[in-house]
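Structures for review follow.
There are two complexes below, and they share subunit A, which is joined by subunit B in the first and by subunit C in the second.
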Partner chain A sequence: MLKGFLRHKSIQPLTPPSPTLRASNMTSQEQNDWQPELTDEQILAFEQKIKDEEAEKIPLVCQKESIDALEKEFQDNKPFLEKVQKLKETNDELRKCRGDGNCFFRAFAFAWFESLMRNPHIFKAGVEKLKSTTELLLSGGFQELAFEDFYDVTLNQLEQIPDSDPDLLLVNFQTEEISNSIVMHLRFVTSAYLKIHSAEYEPFLIVESISIDQFCAQEVEAFGRESDHLQITALTKALDVPVEVLYLDGSSGDHVAVHEFWPDEASKGSRKALQLIYRPGHYDILYRKE
Partner chain B sequence: MSNMKRVQKEILAIEQDKEAHIEVILPEDGSMNHMTAKISGPVNTPYEGGLFTVDVSVPPEYPFLPPKMKFVSRVYHPNISSQTGAICLDILKDKWTPVLTLKSALISLQSLLSTPEPDDPQDAQVAAHYKRDKEDFEQTAKYWTEVYANPNAEVLPDGVKPEALARLVDMGFGRSNAINALAEFKGDEQAAVESLL
Partner chain C sequence: MAKPLFTRRLTKELKDLSLNPPEGVTVEDASTFKSWVILIVGAPGTLYEGEHFKLEFHFTPSYPLESPEVLFIKPYIPIHIQSMLSSCTKKELPPDNDLYVRNAKSSPKKTSWAFHDDTV
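Right, the complex of A and B next:
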């Protein structure tokens, strides 16, 4: 049974159980214990409906907008508002992504592709890095069967960049089949990287007392599962793409905490990191003032 | 359907793997979103020797969403509905990830047969039976395997249900006589018994 929140809700059973072959030696107590409840299929359908309704509110990746949108969002929340106002000194725009649990991967992918479009001199290295991920996935124990379709879509989208434009890139990232395949490929890459470097990352999982493999299956490979430090660290290293995450939270003062994820300390400062903005439970893309 | 390529490759992989004891039968119309699988019952379980038919349908969102599977053969198992064949298995629900395949899901069904989890039941009656008297449960499960998942079972005429046939044979009637009688009376057990007496 699903452990879903709807589990206790009762509805009519599909068909009452009838006496069956040799199963009739059941006590009347057991017969009475049989409680009708929502089937797992009904629970899944209901949860899917909630997700779909949520999804229809905004595209997978939105148009860029002024950072004033954040001010509006937090107008009644002083600690957040102060930080947003401080942020306006360095950043002027943001791009929202749908809050479907994939927002980190989607925001990362879009910001990465966009940076390769704007900086042709790093494009080739980006393609090479992406091509090297098939080897990484095979070493991580993934079956080609399970990842090749997602990989093909991702590589195809990346290779189009020199002949593409920002509008087309956005349209493609708003197309579920393309956008979700890219998200899935990045999830697999993250998972493979963590598995290969498990000795390094397993200590971070001591509190949850689960293995890297379990963590990857539950939190990384599962489509729609939210991401945290471990996923960000692994992905930035696997693809050699630095990221800065600016954290908005309820702490006092106007200081925005910046968490830097550099693939290696040596390259720090030599190139520009992608910027994401995080507020509890959600990532969007942030743009610096030009 | 965009996932056809993957499904096609997955089916090919199942066909090439003779060790897994899994067979997939595609419908004649060539569609790939609905198929029938046959899995063997694991050894040292009440399901040993059985060949179980599983209905598999692949949603358009596959592999982001899990395939839908249910037993067509009736199975006596705490995590499988004895009425509908619905399966309670986490990887077919909230634990599904696109890393998994039709083959790994079908293999998981085999291991579900080996390791029932009566505390998370799909069929509360069967689970209660399992917890109350495991030996008696196993006898029933074995009997169901012989009756409903017998790979050597002859094709029965229309209207002849294997469970009705089994009851008549249990009463002491000859098997072929019982089949003929049931066929003659279109599955009406009482009429068949009267004609045999």
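Right, the complex of A and C next:
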């Protein structure tokens, strides 16, 4: 099938505006067969509206806040509330990110940069790893022209870290051009990693019957598309950054499921993983009790 | 940052297009970062061999995160995308072409797409 354009998952659950494109001179058969579809423009306008509404609510990355905020958010949702209360034994703060479909990449990037700021001894290795991504992207078939601007911004931000401070880091991540460039670079890195290791990852796509290349184009490289296990696995391996995702869901009991993404099993336990908290459709950054 | 990201990117793409243009592609006008006119000559061995098509690209400051709007500009021939596939042997307009043209919006971004053949 010829694909016209990508539709964003995030807009589907909401009520779309009613379509206006109707041909008055259709036969009754055509009228019956008419599928009310949104035009690209309507979809863009609708998406923009959601983004604007989101933007008014919260910045791309927020200030840290107490985990009590989650308790408040789920005060009427018992299964979630029980898990949040259990979570308070180990974690005390979180940092929200805007729900624009890029929240995994943005939360990951911020948490990673922040960890390099707090742990100077791993900073150099982080910079080297980021520098190695140009080679990865070229091997993954990316043109330099397509990725160099995003890469330059990302490297520039990372290299500023030793002379920077947490407030400046936050301001930069709240600046669209900088923040979105970092998101795009991480999307490309994820995509390149998946393409290079397609033999390993393609079996996971059999159910959806699409190739790695299609998956990367539609789900990874597309700005605003949400992320799942495959993207997280690839990115943590590509940058050698371990991540734990704590899942809040409606299951019974107060146990929060932890999904661990370790670049390699051997290094497990020898360093601290970044922690993200996931609730259906959204990722934020989570902080352990000191 | 001195220059916005999208103008930096377009500057580089323009340079690349001028130095290594894909076969049959010429930049006709790129005097602003808002819109470019590109001339495409139908590739040898295809139904459209030697024919000239002009495309107008409109960019926004969100480029490349947002796709450009691309329009065929006059003189143009409406083409069915399917007939541009290399496996196609005749130029053919879609069955509802006249209906579409009568009601077409000014921008392709305002078009709802219909798929005539889900097998391709």
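One rule holds for everything that comes next: the second predicted complex is superposed on the first by the 247 of 290 C-alpha atoms of A that agree within 3 Å, B and C clash if a C-alpha of one lies under 4 Å from a C-alpha of the other, contacts with A are read in each partner's own complex, and residues count from 1 in each chain.
Basically, contacts are C-beta pairs under 8 Å (C-beta built on N, C-alpha and C of every residue); 3 or more make two chains touch, one makes a residue touch a chain.
The shown structure was predicted, so the numbers you read here are calculated from the model rather than taken from an experiment.
Within the superposed three-chain model, A:217 lies in touch with subunit B and out of touch with subunit C [touch as defined at top].
In the superposition on chain A, no contact is made by A:121 with either subunit B or subunit C.
Legend: residue contacts after superposition of the two complexes on their common chain; A:57 is shown touching neither subunit B nor subunit C. Of the two partner chains placed by superposition, subunit B and subunit C are both touched by A:184. By the touch criterion defined above, A:145 lies against subunit B and subunit C together after alignment on the C-alpha atoms of chain A. Touching more residues of subunit A than its counterpart among subunit B and subunit C is B. Overlap of the subunit B and subunit C contact sets on subunit A: residues 1-2, 4, 21, 23, 25-26, 39-41, 44, 145-146, 149, 177, 180, 184, 223.
By the touch criterion given at the top, residues 1-4, 14-15, 17-18, 20-23, 25-26, 30-31, 33-35, 39-41, 44, 142-143, 145-146, 149-150, 177, 180, 184, 188, 191, 217-218, 221-223 of subunit A touch subunit B in their complex. Residues 2-3, 5-6, 9-10, 13, 63-64, 76, 82-84, 86, 88, 93-101, 120-122, 124-126, 128-129, 132, 136, 139-140, 143-144, 147, 163, 166 of subunit B touch subunit A in their complex. Against subunit C, the residues of subunit A that register as touching in their complex are 1-2, 4-5, 19, 21, 23, 25-26, 37-42, 44, 145-146, 149, 153, 177, 180-181, 184, 223. Partner subunit A is touched in their complex by these residues of subunit C: 1, 4-5, 8-9, 12-13, 16, 64-65, 81-82, 99, 102-103, 105, 107-113, 115, 118-120.
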